[in-house]
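Below you'll find the structure I mean.
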Amino acid sequence: MIVFDVVLMVTLWVLAVGAVSQADLFKSVVLFVTMGVVVAVAWARLGAADLAMVEVAVGAGITGALFLNTLGHLEQRPGERGEGEDTSHL
Amino acid sequence: MEGVREALAVGVMVLGALFFVAGSVGMLRFPDVYTRLHALTKADNLGMGLLVFGLSLQAPGWQLVLKLVLIWIFVMIAGAISCHLVAREAYRQGVKPEQGGDL
Amino acid sequence: MIVVAALVLGSFSAALIRIWRGPSGADRMMGAQLFGSSGAATVLVLAAMLEDWSLIDVALVFASLAAVTVVAFVERTERASMPQ
Amino acid sequence: MAVGVFWRVVFFAALWWIWAGDKPASWWFGAPAVLSAAFMAARRVGDESHRVRMRGLGMFLIYFVRASFQGGVDVAWRAMSPRMRLRPGFIEYPLRLDARRAPAVFFANIISLLPGTLSVELGETSVMVHAIDLEAPVEAQLQELERRIAAMFVAGEGA
């Protein structure tokens, strides 16, 4: 059981640090979604079924979808205006 | 009798977990997006099925068994749909598959 | 039972490598998908291990929402690649 | 139409019952949810519904469980063997089912769960399939699947 907990904790750490320190926004969003899943597993491990459910639905499901949508809009911008302004730093 | 059932359940679940591992190994070793999708979808589907079967043997009521089967069906639907969508997306973006030969 | 949990969790880290290395967006999404299904599996094993059967409901939510992010991903790339 | 709504209500009620258990109070939420889900589903599909033959369904389930077992074992074996035996490639499979209707969509989704095949794109008259081993009899396998699906569905009143 202790092995399980340690692996869970390390995965959580790696994902959390990875999600905020990415230059590539898409990668960052995917890492965030994955972190939502692992957080939910952690809640389940702690016996908090209700929290785990909310975490999956909100953290991994809805927020991930909204982030991806936002990213789509951000990437669409320069092409729409057609002025070729440099948004590559995004 | 109870002991046999318990042992069977654990055995089936270990087998299911092995399929999960095999799927992940395939996902790391296979050469391109399409073959990786093969590994992921099929191995996970079967692993989940075995896990659900093993748990059903231990579940305290048959309503839980129905719920477990429902989970399996949902995972299967989600797996099939997302697998198809990812493959189609890769195809439309022009990701080239590895061709022929032993890789 | 602990063996089962450890094995399933082991496939977690494999998905992590795939997300990290890419190379394409589709590969990363695939990694997230694996996290979804093996997450559900882990919760199921936990339910049996802790004998807390209410965790089954968590796995059910996992399973029914597994496709949402993938669909959002596909919609996004489809819109981004559409000719203006 | 009315018959279709009835069966959908039964279906969603069963789903709710599995999900929420048999506590009577849960139906205060369940009944409206079931009814609205059934009506939404019926409106979405219109009268283009297909009947499903019970016998065909049973046969198909047995076939499906066996085939998905084979699929999992097959791909796990390939992944684990030290020298991976892969001969991947695309195959264009001509559809005999009508691509705009439910059975073809069902077909395309099931392909991904069967040994060695993965559906890539559902076109007007064909499905693009990715096979993991081109030397396996992919074509014959797909034909068998298509035949079984055709046997399961009966064209509804909309046909």
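We call the chains A, B, C and D, going by the order they appear; numbering starts again at 1 in every chain.
In this section, a residue touches a chain if its C-beta (ideal position, glycine included) is under 8 Å from a C-beta of that chain, and two chains touch if they have at least 3 such contacts.
This one's a predicted model, so the numbers in the text were calculated from it and none came from an experiment.
Annotation of chain A and chain C: not jointly contacted by any chain, touch as defined at the top. Among the other chains, the CA centroid farthest from that of chain D is the one of A. One inter-chain figure worth recording: chain A and chain B are separated by 23 Å, centre to centre, where each centre is the mean of the chain's CA atoms.
Chain centres here are Cα means. That of chain C falls 21 Å from that of chain D. Chain geometry summary: the mean Cα position of chain B and that of chain C are 11 Å apart.
Taking each chain's centre as the average of its CA atoms, chain B and chain D sit 16 Å apart. Among the residues of chain C, those in touch with two or more other chains are 10, 15, 29, 31, 36, 47, 57, 60, 71, 73, 77. Contact with two or more other chains is made by residues 19 of chain D. Shared interface positions of chain A, defined as residues touching 2 or more other chains, are absent. Looking at which chains touch one another, you get A-C, B-C, B-D. Residues of chain C touching chain B in their complex: 1, 3-4, 7-8, 10-11, 14-15, 17-18, 24, 26-27, 29-31, 33-34, 36-38, 40-41, 44-45, 47-48, 53, 56-57, 59-60, 63-64, 66-67, 70-71, 73-74, 77-78, 81. On the side of chain B, the complex with chain D involves touching residues 18-19, 22-23, 25-26, 29-32, 34-35, 37-39, 41-43, 45-47, 49, 63, 66-67, 70, 76-77, 79-81, 83-84, 87-88, 91-92, 97-103. In the complex of the two chains, the chain B residues touching chain C come out as 10, 13-14, 16-18, 20-21, 23-25, 27-28, 33, 36-37, 40, 44, 47-48, 51-52, 55, 58-60, 64, 67-68, 70-71, 74-75, 77-79, 81-83, 85-86, 88-90, 92-93, 95.
Within the complex formed with chain A, the chain C residues making contact are 2, 5-6, 9-10, 12-13, 15-16, 19-20, 22, 25, 28-29, 31-32, 35-36, 39, 42-43, 46-47, 49-50, 52, 54-55, 57-58, 61-62, 65, 68-69, 71-73, 75-77, 79-80, 84. Touching chain C in their complex are the following residues of chain A: 1, 3-4, 7-8, 11, 14-15, 18, 26-27, 30-31, 33-34, 37-38, 40-41, 44-45, 47, 49, 52-53, 56-57, 60-62, 64-65, 68-69, 71-72, 75-76, 79-80, 82.
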